[in-house]
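Some structures to go through are shown next.
Each of the next two complexes has chain A plus one more chain, namely chain B in the first and chain C in the second.
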Partner chain A sequence: MKLVIVGCGRVGAMAAVALSKDGHQVTVIDINRRAFDRLGPDFNGEMVLGNGIDEDVLRQAGIETADGFACLTNGDNRNIMAAQIAREIFKVPRVITRIYDPMRQDVYTELGLDTVCPTLSGARQIHTMLKG
Partner chain B sequence: MSQPMYVIVIGGGKVGYYLSKHLQDRGYEVTLIEKDPRRAEVLNSVLGEIVMVGDGDEMAFLATTGMERADVVVAVTGDDEDNLVACQLAKRKFNVPKTVARVNNPANVRIFKTLGVDVALSATEVLLDLIESELASKEAAGRSATKP
Partner chain C sequence: MKLVIVGCGRVGAMAAVALSKDGHQVTVIDINRRAFDRLGPDFNGEMVLGNGIDEDVLRQAGIETADGFACLTNGDNRNIMAAQIAREIFKVPRVITRIYDPMRQDVYTELGLDTVCPTLSGARQIHTMLKG
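Coming up: the complex of A and B.
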(Lines of atoms letter the chains of each structure in order from A and count residues from 1; the text may use other names and numbers.)
(Lines give C-alpha, C1' and ligand atoms only; values in the text may rest on other atoms or scores of the structure.)
Protein backbone atom coordinates (compact mmCIF):
# COMPACT_ATOMS: atom_id res chain seq x y z
CA MET A 1 0.00 0.00 0.00
CA LYS A 2 0.98 3.58 -0.54
CA LEU A 3 0.87 5.48 2.77
CA VAL A 4 1.48 9.10 3.74
CA ILE A 5 2.29 10.10 7.32
CA VAL A 6 2.25 13.72 8.49
CA GLY A 7 4.46 14.37 11.51
CA CYS A 8 7.76 12.62 12.11
CA GLY A 9 7.76 12.67 15.90
CA ARG A 10 8.20 9.56 18.03
CA VAL A 11 4.91 7.99 17.00
CA GLY A 12 5.05 9.06 13.36
CA ALA A 13 8.62 7.85 12.91
CA MET A 14 7.97 4.53 14.62
CA ALA A 15 4.85 3.88 12.55
CA ALA A 16 6.69 4.86 9.35
CA VAL A 17 9.62 2.52 10.02
CA ALA A 18 7.35 -0.40 10.94
CA LEU A 19 5.11 0.07 7.91
CA SER A 20 8.02 0.36 5.51
CA LYS A 21 9.54 -2.77 7.04
CA ASP A 22 6.22 -4.51 6.29
CA GLY A 23 6.81 -3.68 2.65
CA HIS A 24 4.55 -0.65 2.26
CA GLN A 25 5.54 2.40 0.28
CA VAL A 26 5.74 5.12 2.96
CA THR A 27 6.21 8.89 2.62
CA VAL A 28 6.71 11.03 5.74
CA ILE A 29 6.06 14.78 5.88
CA ASP A 30 7.53 17.10 8.53
CA ILE A 31 8.31 20.83 8.73
CA ASN A 32 11.56 20.18 10.56
CA ARG A 33 14.35 18.45 8.63
CA ARG A 34 15.97 17.15 11.80
CA ALA A 35 12.82 15.22 12.68
CA PHE A 36 13.71 12.77 9.89
CA ASP A 37 16.74 11.67 11.96
CA ARG A 38 14.27 9.65 14.04
CA LEU A 39 13.65 7.34 11.08
CA GLY A 40 17.08 5.80 11.37
CA PRO A 41 19.02 3.90 8.71
CA ASP A 42 16.44 1.13 8.21
CA PHE A 43 13.79 3.36 6.73
CA ASN A 44 13.59 3.06 2.97
CA GLY A 45 10.61 5.28 2.29
CA GLU A 46 10.54 8.91 1.23
CA MET A 47 10.75 12.17 3.18
CA VAL A 48 9.09 15.44 2.21
CA LEU A 49 9.99 18.66 3.96
CA GLY A 50 6.97 20.94 4.37
CA ASN A 51 3.70 21.78 6.04
CA GLY A 52 1.17 18.93 6.09
CA ILE A 53 -1.79 21.28 5.65
CA ASP A 54 -0.38 22.69 2.42
CA GLU A 55 -2.01 21.11 -0.64
CA ASP A 56 1.13 21.45 -2.74
CA VAL A 57 3.22 19.66 -0.12
CA LEU A 58 0.61 16.90 0.11
CA ARG A 59 0.63 16.48 -3.66
CA GLN A 60 4.41 16.29 -3.63
CA ALA A 61 4.09 13.48 -1.07
CA GLY A 62 1.83 11.60 -3.46
CA ILE A 63 -1.48 12.04 -1.66
CA GLU A 64 -3.41 11.79 -4.93
CA THR A 65 -2.61 8.09 -5.22
CA ALA A 66 -2.32 7.24 -1.50
CA ASP A 67 -4.27 4.34 0.01
CA GLY A 68 -3.82 5.54 3.58
CA PHE A 69 -3.04 8.79 5.41
CA ALA A 70 -2.16 9.35 9.08
CA CYS A 71 -1.96 12.73 10.85
CA LEU A 72 0.45 12.56 13.77
CA THR A 73 1.80 16.07 14.35
CA ASN A 74 1.69 17.46 17.88
CA GLY A 75 -1.06 19.95 16.98
CA ASP A 76 -4.64 18.71 17.18
CA ASN A 77 -5.92 21.35 14.78
CA ARG A 78 -3.19 20.71 12.25
CA ASN A 79 -4.06 17.01 12.35
CA ILE A 80 -7.77 17.74 12.03
CA MET A 81 -7.25 20.04 9.07
CA ALA A 82 -4.81 17.73 7.27
CA ALA A 83 -7.18 14.80 7.78
CA GLN A 84 -10.12 16.67 6.31
CA ILE A 85 -8.06 17.79 3.30
CA ALA A 86 -7.05 14.16 2.72
CA ARG A 87 -10.61 12.91 3.06
CA GLU A 88 -12.70 15.61 1.42
CA ILE A 89 -10.35 17.05 -1.20
CA PHE A 90 -8.15 14.09 -2.16
CA LYS A 91 -10.60 11.30 -1.27
CA VAL A 92 -7.96 9.11 0.38
CA PRO A 93 -9.78 5.87 1.32
CA ARG A 94 -8.35 5.49 4.82
CA VAL A 95 -7.49 8.47 7.03
CA ILE A 96 -6.42 8.25 10.68
CA THR A 97 -6.11 11.32 12.94
CA ARG A 98 -4.56 11.67 16.36
CA ILE A 99 -6.41 14.15 18.60
CA TYR A 100 -5.18 14.74 22.15
CA ASP A 101 -8.22 16.73 23.32
CA PRO A 102 -11.02 14.22 24.12
CA MET A 103 -13.77 16.77 23.50
CA ARG A 104 -12.47 17.66 20.06
CA GLN A 105 -12.06 13.94 19.37
CA ASP A 106 -15.75 13.55 20.17
CA VAL A 107 -16.77 16.25 17.72
CA TYR A 108 -14.68 14.99 14.84
CA THR A 109 -15.51 11.34 15.38
CA GLU A 110 -19.13 12.43 15.07
CA LEU A 111 -18.20 14.16 11.83
CA GLY A 112 -16.83 10.91 10.50
CA LEU A 113 -13.07 11.06 11.09
CA ASP A 114 -11.28 7.93 12.31
CA THR A 115 -9.52 9.19 15.43
CA VAL A 116 -7.07 8.02 18.07
CA CYS A 117 -7.00 9.82 21.43
CA PRO A 118 -3.86 8.95 23.45
CA THR A 119 -5.16 11.02 26.39
CA LEU A 120 -8.20 8.81 26.82
CA SER A 121 -6.45 5.50 26.18
CA GLY A 122 -3.55 6.50 28.47
CA ALA A 123 -5.85 7.60 31.29
CA ARG A 124 -7.87 4.41 30.98
CA GLN A 125 -4.77 2.24 31.09
CA ILE A 126 -3.40 4.03 34.15
CA HIS A 127 -6.76 3.79 35.85
CA THR A 128 -6.87 0.03 35.29
CA MET A 129 -3.26 -0.49 36.42
CA LEU A 130 -3.70 1.55 39.60
CA LYS A 131 -6.80 -0.38 40.55
CA GLY A 132 -4.58 -3.47 40.35
CA MET B 1 -35.72 47.63 20.34
CA SER B 2 -34.32 44.36 19.14
CA GLN B 3 -31.22 42.82 20.71
CA PRO B 4 -27.93 43.90 19.15
CA MET B 5 -26.15 41.25 17.12
CA TYR B 6 -23.72 39.18 19.16
CA VAL B 7 -20.34 38.67 17.46
CA ILE B 8 -17.51 36.52 18.84
CA VAL B 9 -14.06 37.34 17.48
CA ILE B 10 -11.34 34.72 17.93
CA GLY B 11 -7.74 35.96 17.89
CA GLY B 12 -6.64 39.28 19.40
CA GLY B 13 -3.92 40.26 16.95
CA LYS B 14 -4.14 43.45 14.91
CA VAL B 15 -7.00 42.20 12.77
CA GLY B 16 -8.99 40.96 15.77
CA TYR B 17 -8.38 44.17 17.68
CA TYR B 18 -9.50 46.58 14.96
CA LEU B 19 -12.42 44.37 14.01
CA SER B 20 -13.68 44.26 17.61
CA LYS B 21 -13.20 47.99 18.04
CA HIS B 22 -15.22 48.86 14.93
CA LEU B 23 -17.92 46.32 15.69
CA GLN B 24 -18.31 47.89 19.13
CA ASP B 25 -18.48 51.37 17.61
CA ARG B 26 -21.28 50.19 15.38
CA GLY B 27 -23.31 48.97 18.33
CA TYR B 28 -22.71 45.23 18.21
CA GLU B 29 -22.21 43.12 21.30
CA VAL B 30 -18.67 41.75 21.01
CA THR B 31 -16.57 39.16 22.83
CA LEU B 32 -12.93 38.89 21.82
CA ILE B 33 -11.11 35.64 22.59
CA GLU B 34 -7.35 35.78 23.06
CA LYS B 35 -5.00 32.99 24.15
CA ASP B 36 -2.19 35.09 25.61
CA PRO B 37 -3.15 36.57 29.03
CA ARG B 38 -0.74 39.50 28.70
CA ARG B 39 -2.06 40.48 25.30
CA ALA B 40 -5.61 40.08 26.65
CA GLU B 41 -4.87 42.50 29.48
CA VAL B 42 -3.72 45.14 27.03
CA LEU B 43 -6.78 44.57 24.82
CA ASN B 44 -9.12 44.76 27.80
CA SER B 45 -7.69 48.07 28.90
CA VAL B 46 -8.30 49.66 25.50
CA LEU B 47 -11.54 47.96 24.48
CA GLY B 48 -13.32 47.79 27.85
CA GLU B 49 -13.88 44.43 29.46
CA ILE B 50 -14.85 42.39 26.39
CA VAL B 51 -11.84 40.08 26.21
CA MET B 52 -11.89 36.49 27.46
CA VAL B 53 -8.63 34.61 27.91
CA GLY B 54 -8.72 31.12 26.49
CA ASP B 55 -8.18 28.79 23.56
CA GLY B 56 -10.66 29.33 20.73
CA ASP B 57 -10.52 25.62 19.96
CA GLU B 58 -11.08 24.30 23.47
CA MET B 59 -14.68 23.11 23.69
CA ALA B 60 -14.99 23.51 27.45
CA PHE B 61 -13.82 27.11 27.23
CA LEU B 62 -15.99 28.00 24.26
CA ALA B 63 -19.05 26.86 26.19
CA THR B 64 -18.36 29.67 28.70
CA THR B 65 -18.41 32.40 26.03
CA GLY B 66 -22.12 32.19 25.29
CA MET B 67 -21.32 30.94 21.82
CA GLU B 68 -24.69 29.21 21.48
CA ARG B 69 -26.38 32.62 21.25
CA ALA B 70 -23.79 34.19 18.90
CA ASP B 71 -25.05 35.42 15.52
CA VAL B 72 -21.60 35.43 13.96
CA VAL B 73 -18.24 33.87 14.86
CA VAL B 74 -15.17 35.37 13.18
CA ALA B 75 -11.83 33.53 13.47
CA VAL B 76 -8.86 35.75 12.64
CA THR B 77 -5.79 34.14 14.21
CA GLY B 78 -2.61 33.82 12.16
CA ASP B 79 -2.99 30.04 11.86
CA ASP B 80 -5.33 28.59 9.27
CA GLU B 81 -5.81 25.31 11.12
CA ASP B 82 -6.94 27.13 14.27
CA ASN B 83 -9.37 29.31 12.32
CA LEU B 84 -10.83 26.30 10.53
CA VAL B 85 -11.40 24.28 13.70
CA ALA B 86 -12.85 27.28 15.57
CA CYS B 87 -15.41 27.83 12.78
CA GLN B 88 -16.28 24.16 12.54
CA LEU B 89 -16.83 23.87 16.31
CA ALA B 90 -18.95 27.06 16.26
CA LYS B 91 -21.10 25.71 13.47
CA ARG B 92 -21.45 22.06 14.45
CA LYS B 93 -21.47 22.23 18.23
CA PHE B 94 -22.98 25.63 18.94
CA ASN B 95 -25.21 26.03 15.87
CA VAL B 96 -23.83 29.48 15.07
CA PRO B 97 -25.63 30.66 11.90
CA LYS B 98 -22.66 32.40 10.28
CA THR B 99 -18.93 31.67 10.50
CA VAL B 100 -16.22 33.80 8.96
CA ALA B 101 -12.53 32.87 8.75
CA ARG B 102 -9.38 34.72 7.88
CA VAL B 103 -7.29 32.53 5.60
CA ASN B 104 -3.54 33.01 5.44
CA ASN B 105 -2.70 30.63 2.60
CA PRO B 106 -4.90 31.69 -0.38
CA ALA B 107 -5.11 28.05 -1.50
CA ASN B 108 -7.07 27.31 1.65
CA VAL B 109 -10.04 29.50 0.67
CA ARG B 110 -11.52 26.72 -1.43
CA ILE B 111 -10.74 24.12 1.24
CA PHE B 112 -12.45 26.15 3.98
CA LYS B 113 -15.58 26.51 1.87
CA THR B 114 -15.63 22.78 1.12
CA LEU B 115 -15.28 22.09 4.83
CA GLY B 116 -18.29 24.20 5.79
CA VAL B 117 -16.98 27.67 6.67
CA ASP B 118 -19.51 30.25 5.40
CA VAL B 119 -17.05 33.00 4.47
CA ALA B 120 -13.30 32.45 3.98
CA LEU B 121 -11.27 35.53 3.22
CA SER B 122 -7.62 35.77 2.28
CA ALA B 123 -6.06 39.25 2.33
CA THR B 124 -3.31 37.94 0.05
CA GLU B 125 -5.86 36.80 -2.49
CA VAL B 126 -7.75 40.10 -2.37
CA LEU B 127 -4.50 41.99 -2.95
CA LEU B 128 -3.50 39.68 -5.78
CA ASP B 129 -6.84 40.21 -7.50
CA LEU B 130 -6.57 43.97 -7.08
CA ILE B 131 -3.07 44.07 -8.55
CA GLU B 132 -4.10 41.88 -11.46
CA SER B 133 -7.18 43.92 -12.31
CA GLU B 134 -5.13 47.11 -12.00
CA LEU B 135 -2.58 45.70 -14.44
CA ALA B 136 -5.30 44.52 -16.78
CA SER B 137 -6.96 47.92 -16.90
CA LYS B 138 -3.60 49.63 -17.47
CA GLU B 139 -2.87 47.29 -20.35
CA ALA B 140 -6.28 47.96 -21.82
CA ALA B 141 -5.74 51.71 -21.49
CA GLY B 142 -2.30 51.38 -23.07
CA ARG B 143 -3.76 49.48 -26.00
CA SER B 144 -6.49 52.01 -26.67
CA ALA B 145 -4.00 54.91 -26.37
CA THR B 146 -1.72 53.47 -29.05
CA LYS B 147 -4.60 52.98 -31.46
CA PRO B 148 -4.34 55.31 -34.43
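Coming up: the complex of A and C.
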Protein backbone atom coordinates (compact mmCIF):
# COMPACT_ATOMS: atom_id res chain seq x y z
CA MET A 1 0.00 0.00 0.00
CA LYS A 2 1.01 3.60 -0.48
CA LEU A 3 0.74 5.51 2.80
CA VAL A 4 1.31 9.17 3.64
CA ILE A 5 1.97 10.29 7.21
CA VAL A 6 1.93 13.96 8.23
CA GLY A 7 4.00 14.66 11.34
CA CYS A 8 7.29 12.97 12.11
CA GLY A 9 7.13 13.15 15.89
CA ARG A 10 7.74 10.08 18.01
CA VAL A 11 4.48 8.36 17.13
CA GLY A 12 4.59 9.30 13.44
CA ALA A 13 8.19 8.15 13.07
CA MET A 14 7.58 4.88 14.88
CA ALA A 15 4.49 4.08 12.80
CA ALA A 16 6.33 5.05 9.59
CA VAL A 17 9.26 2.75 10.32
CA ALA A 18 7.00 -0.16 11.27
CA LEU A 19 4.87 0.25 8.15
CA SER A 20 7.87 0.53 5.86
CA LYS A 21 9.31 -2.62 7.45
CA ASP A 22 6.01 -4.32 6.61
CA GLY A 23 6.74 -3.56 2.98
CA HIS A 24 4.43 -0.59 2.51
CA GLN A 25 5.47 2.43 0.49
CA VAL A 26 5.56 5.18 3.13
CA THR A 27 6.08 8.93 2.71
CA VAL A 28 6.43 11.17 5.76
CA ILE A 29 5.79 14.92 5.69
CA ASP A 30 7.13 17.31 8.32
CA ILE A 31 7.72 21.02 8.48
CA ASN A 32 10.96 20.56 10.42
CA ARG A 33 13.87 18.84 8.70
CA ARG A 34 15.38 17.64 11.96
CA ALA A 35 12.22 15.67 12.75
CA PHE A 36 13.26 13.16 10.07
CA ASP A 37 16.22 12.14 12.26
CA ARG A 38 13.68 10.18 14.30
CA LEU A 39 13.20 7.78 11.37
CA GLY A 40 16.64 6.30 11.88
CA PRO A 41 18.50 4.05 9.46
CA ASP A 42 15.77 1.40 9.16
CA PHE A 43 13.34 3.61 7.28
CA ASN A 44 13.37 3.08 3.54
CA GLY A 45 10.48 5.31 2.59
CA GLU A 46 10.44 8.93 1.46
CA MET A 47 10.55 12.25 3.29
CA VAL A 48 8.94 15.48 2.13
CA LEU A 49 9.75 18.76 3.85
CA GLY A 50 6.73 21.05 4.07
CA ASN A 51 3.37 21.81 5.56
CA GLY A 52 0.88 18.94 5.55
CA ILE A 53 -2.03 21.24 4.78
CA ASP A 54 -0.37 22.57 1.62
CA GLU A 55 -1.85 20.78 -1.39
CA ASP A 56 1.37 21.02 -3.41
CA VAL A 57 3.29 19.39 -0.58
CA LEU A 58 0.67 16.66 -0.35
CA ARG A 59 0.86 16.04 -4.10
CA GLN A 60 4.64 15.85 -3.89
CA ALA A 61 4.18 13.18 -1.21
CA GLY A 62 2.02 11.20 -3.62
CA ILE A 63 -1.35 11.74 -1.95
CA GLU A 64 -3.15 11.39 -5.30
CA THR A 65 -2.41 7.67 -5.36
CA ALA A 66 -2.31 7.03 -1.60
CA ASP A 67 -4.32 4.22 -0.03
CA GLY A 68 -3.98 5.60 3.49
CA PHE A 69 -3.24 8.90 5.20
CA ALA A 70 -2.49 9.63 8.87
CA CYS A 71 -2.41 13.10 10.47
CA LEU A 72 -0.11 13.04 13.47
CA THR A 73 1.12 16.58 14.06
CA ASN A 74 0.88 18.06 17.54
CA GLY A 75 -1.95 20.37 16.58
CA ASP A 76 -5.51 19.03 16.64
CA ASN A 77 -6.78 21.69 14.25
CA ARG A 78 -3.92 21.12 11.84
CA ASN A 79 -4.66 17.40 11.91
CA ILE A 80 -8.34 17.96 11.29
CA MET A 81 -7.57 20.33 8.42
CA ALA A 82 -5.13 17.92 6.78
CA ALA A 83 -7.60 15.06 7.18
CA GLN A 84 -10.37 17.05 5.49
CA ILE A 85 -8.10 17.88 2.56
CA ALA A 86 -7.07 14.24 2.19
CA ARG A 87 -10.66 13.02 2.30
CA GLU A 88 -12.54 15.71 0.43
CA ILE A 89 -10.05 16.89 -2.15
CA PHE A 90 -7.84 13.87 -2.74
CA LYS A 91 -10.39 11.14 -1.88
CA VAL A 92 -7.90 9.03 0.04
CA PRO A 93 -9.78 5.84 1.01
CA ARG A 94 -8.48 5.59 4.59
CA VAL A 95 -7.76 8.69 6.67
CA ILE A 96 -6.77 8.55 10.35
CA THR A 97 -6.48 11.61 12.56
CA ARG A 98 -4.93 11.97 15.96
CA ILE A 99 -6.85 14.33 18.21
CA TYR A 100 -5.73 15.16 21.74
CA ASP A 101 -8.86 16.94 22.86
CA PRO A 102 -11.60 14.37 23.63
CA MET A 103 -14.36 16.90 22.96
CA ARG A 104 -13.07 17.62 19.48
CA GLN A 105 -12.84 13.86 19.01
CA ASP A 106 -16.53 13.44 19.81
CA VAL A 107 -17.49 15.93 17.12
CA TYR A 108 -15.13 14.34 14.69
CA THR A 109 -16.38 10.82 15.34
CA GLU A 110 -19.94 12.09 14.80
CA LEU A 111 -18.83 13.22 11.38
CA GLY A 112 -17.85 9.63 10.65
CA LEU A 113 -14.11 10.19 10.71
CA ASP A 114 -11.52 7.76 12.08
CA THR A 115 -9.71 9.23 15.03
CA VAL A 116 -7.20 8.16 17.61
CA CYS A 117 -7.36 9.99 20.94
CA PRO A 118 -4.31 9.24 23.09
CA THR A 119 -5.79 11.32 25.91
CA LEU A 120 -8.75 8.99 26.26
CA SER A 121 -6.83 5.74 25.86
CA GLY A 122 -4.13 7.01 28.24
CA ALA A 123 -6.65 7.98 30.92
CA ARG A 124 -8.42 4.61 30.59
CA GLN A 125 -5.13 2.75 30.94
CA ILE A 126 -4.09 4.73 34.05
CA HIS A 127 -7.54 4.26 35.50
CA THR A 128 -7.37 0.49 35.05
CA MET A 129 -3.81 0.20 36.36
CA LEU A 130 -4.44 2.31 39.47
CA LYS A 131 -7.51 0.33 40.40
CA GLY A 132 -5.41 -2.83 39.98
CA MET B 1 -8.47 3.50 47.87
CA LYS B 2 -6.39 6.61 48.43
CA LEU B 3 -4.72 7.67 45.17
CA VAL B 4 -2.29 10.49 44.39
CA ILE B 5 -1.83 11.76 40.84
CA VAL B 6 1.00 14.11 39.88
CA GLY B 7 0.25 16.17 36.80
CA CYS B 8 -3.16 17.61 36.01
CA GLY B 9 -2.88 17.62 32.24
CA ARG B 10 -5.61 16.14 30.08
CA VAL B 11 -4.82 12.53 30.93
CA GLY B 12 -4.21 13.19 34.61
CA ALA B 13 -7.41 15.20 34.98
CA MET B 14 -9.50 12.64 33.12
CA ALA B 15 -8.14 9.74 35.18
CA ALA B 16 -8.62 11.73 38.41
CA VAL B 17 -12.26 12.51 37.63
CA ALA B 18 -13.01 8.90 36.63
CA LEU B 19 -11.36 7.49 39.75
CA SER B 20 -13.11 9.93 42.07
CA LYS B 21 -16.42 9.03 40.42
CA ASP B 22 -15.59 5.39 41.22
CA GLY B 23 -15.53 6.38 44.88
CA HIS B 24 -11.77 6.54 45.39
CA GLN B 25 -10.16 9.28 47.44
CA VAL B 26 -8.08 11.15 44.86
CA THR B 27 -5.57 13.95 45.34
CA VAL B 28 -4.05 15.71 42.33
CA ILE B 29 -0.78 17.65 42.45
CA ASP B 30 0.20 20.24 39.87
CA ILE B 31 2.66 23.10 39.76
CA ASN B 32 0.25 25.26 37.81
CA ARG B 33 -2.96 26.39 39.52
CA ARG B 34 -4.83 26.79 36.24
CA ALA B 35 -4.28 23.11 35.42
CA PHE B 36 -6.89 22.27 38.07
CA ASP B 37 -9.54 23.89 35.87
CA ARG B 38 -9.40 20.70 33.80
CA LEU B 39 -10.94 18.75 36.68
CA GLY B 40 -14.29 20.43 36.14
CA PRO B 41 -17.24 20.38 38.53
CA ASP B 42 -17.50 16.57 38.79
CA PHE B 43 -14.27 16.12 40.71
CA ASN B 44 -14.75 15.73 44.44
CA GLY B 45 -11.16 14.97 45.40
CA GLU B 46 -8.39 17.28 46.60
CA MET B 47 -5.90 19.51 44.82
CA VAL B 48 -2.41 20.37 46.02
CA LEU B 49 -0.42 23.12 44.36
CA GLY B 50 3.28 22.29 44.18
CA ASN B 51 6.05 20.23 42.68
CA GLY B 52 5.46 16.47 42.64
CA ILE B 53 9.10 15.73 43.43
CA ASP B 54 9.00 17.82 46.62
CA GLU B 55 8.57 15.49 49.60
CA ASP B 56 6.66 18.08 51.62
CA VAL B 57 4.20 18.54 48.78
CA LEU B 58 3.80 14.78 48.50
CA ARG B 59 3.17 14.49 52.24
CA GLN B 60 0.60 17.25 52.05
CA ALA B 61 -1.12 15.20 49.32
CA GLY B 62 -1.26 12.25 51.70
CA ILE B 63 1.34 10.05 50.03
CA GLU B 64 2.20 8.40 53.34
CA THR B 65 -1.12 6.56 53.36
CA ALA B 66 -1.63 6.27 49.58
CA ASP B 67 -2.47 2.94 47.96
CA GLY B 68 -1.60 4.13 44.46
CA PHE B 69 0.46 6.87 42.81
CA ALA B 70 0.57 7.95 39.16
CA CYS B 71 3.19 10.26 37.62
CA LEU B 72 1.67 12.02 34.62
CA THR B 73 3.60 15.25 34.09
CA ASN B 74 4.91 16.06 30.64
CA GLY B 75 8.53 15.37 31.63
CA ASP B 76 9.79 11.80 31.53
CA ASN B 77 12.61 12.51 33.96
CA ARG B 78 10.31 14.30 36.36
CA ASN B 79 7.94 11.34 36.25
CA ILE B 80 10.75 8.87 36.86
CA MET B 81 12.04 10.97 39.78
CA ALA B 82 8.59 11.26 41.38
CA ALA B 83 8.01 7.52 40.91
CA GLN B 84 11.28 6.67 42.62
CA ILE B 85 10.43 8.91 45.58
CA ALA B 86 6.98 7.33 45.89
CA ARG B 87 8.38 3.81 45.76
CA GLU B 88 11.63 4.08 47.66
CA ILE B 89 10.90 6.73 50.28
CA PHE B 90 7.15 6.45 50.81
CA LYS B 91 6.74 2.76 49.90
CA VAL B 92 3.51 3.32 47.96
CA PRO B 93 2.30 -0.17 46.93
CA ARG B 94 1.30 0.71 43.37
CA VAL B 95 3.23 3.29 41.33
CA ILE B 96 2.52 4.00 37.65
CA THR B 97 4.70 6.22 35.49
CA ARG B 98 4.00 7.68 32.09
CA ILE B 99 7.09 7.76 29.87
CA TYR B 100 7.02 9.21 26.37
CA ASP B 101 10.42 7.97 25.24
CA PRO B 102 10.22 4.22 24.42
CA MET B 103 13.95 3.75 25.12
CA ARG B 104 13.63 5.16 28.61
CA GLN B 105 10.61 2.89 29.06
CA ASP B 106 12.69 -0.19 28.25
CA VAL B 107 15.18 0.66 30.98
CA TYR B 108 12.41 1.42 33.38
CA THR B 109 10.55 -1.81 32.68
CA GLU B 110 13.80 -3.72 33.23
CA LEU B 111 13.92 -2.15 36.67
CA GLY B 112 10.55 -3.75 37.35
CA LEU B 113 8.53 -0.52 37.31
CA ASP B 114 5.03 -0.13 35.91
CA THR B 115 5.01 2.25 32.98
CA VAL B 116 2.59 3.52 30.38
CA CYS B 117 4.11 4.61 27.07
CA PRO B 118 1.60 6.50 24.92
CA THR B 119 4.16 6.73 22.12
CA LEU B 120 4.30 2.99 21.71
CA SER B 121 0.58 2.35 22.09
CA GLY B 122 -0.19 5.26 19.74
CA ALA B 123 2.18 4.01 17.05
CA ARG B 124 0.74 0.48 17.33
CA GLN B 125 -2.79 1.80 16.99
CA ILE B 126 -1.94 3.93 13.92
CA HIS B 127 -0.06 1.00 12.40
CA THR B 128 -3.05 -1.30 12.81
CA MET B 129 -5.57 1.24 11.53
CA LEU B 130 -3.55 2.18 8.44
CA LYS B 131 -3.08 -1.44 7.48
CA GLY B 132 -6.84 -1.87 7.90
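One rule holds for everything that comes next: the second predicted complex is superposed on the first by the 132 of 132 C-alpha atoms of A that agree within 3 Å, B and C clash if a C-alpha of one lies under 4 Å from a C-alpha of the other, contacts with A are read in each partner's own complex, and residues count from 1 in each chain.
Everything below uses one rule, namely that contacts are C-beta pairs under 8 Å (C-beta built on N, C-alpha and C of every residue); 3 or more make two chains touch, one makes a residue touch a chain.
None of these values were measured; they are calculated from a predicted model.
Asker: Which partner chains sit in contact with A:54 here, chain B, chain C, both or neither? Use first/second/both/neither.
Answerer: A:54 contacts chain B only, not chain C.
Asker: Could you say whether A:104 touches chain B, chain C, both of them, or neither, answering first, second, both or neither?
Answerer: A:104: touches chain B, not chain C.
Asker: Now for A:76: first (chain B), second (chain C), both, or neither, which partner does it touch?
Answerer: Only chain B; A:76 stays clear of chain C.
Asker: So, A:120: does it touch chain B (first), chain C (second), both, or neither?
Answerer: After superposing on A, A:120 lies in contact with chain C but is clear of chain B.
Asker: So, does A:85 touch the first partner chain B, the second partner chain C, both, or neither?
Answerer: The first partner, chain B, only.
Asker: Answer with first, second, both or neither: which of chain B and chain C does A:94 touch in the superposed model?
Answerer: Only chain C is touched by A:94; chain B is not.
Asker: If you count the residues of chain A that each partner touches, which comes out higher, chain B or chain C?
Answerer: C
Asker: Just checking: does A:15 make contact with chain B only, chain C only, both, or neither of them? Give me first, second, both or neither.
Answerer: The answer is second: A:15 touches chain C but not chain B.
Asker: Please report the chain A residues shared by its interface with chain B and its interface with chain C.
Answerer: Common to the two interfaces on chain A: residues 101.
Asker: Enumerate the contact residues on chain C facing chain A in the complex.
Answerer: 1, 3, 10-12, 14-15, 18-19, 22, 24, 68, 70, 72, 94, 96, 98, 100-102, 114, 116, 118-123, 125-127, 129-132
Asker: What part of chain A is in contact with chain B in the complex they form?
Answerer: Per the stated touch rule, the residues are 53-56, 75-78, 80-81, 84-85, 88-89, 101, 103-104, 107, 110-111.
Asker: Touching chain A in the complex: which residues of chain B?
Answerer: Residue list for chain B touching chain A: 57-60, 79-82, 84-85, 88-89, 92-93, 105, 107-108, 111, 114-115.
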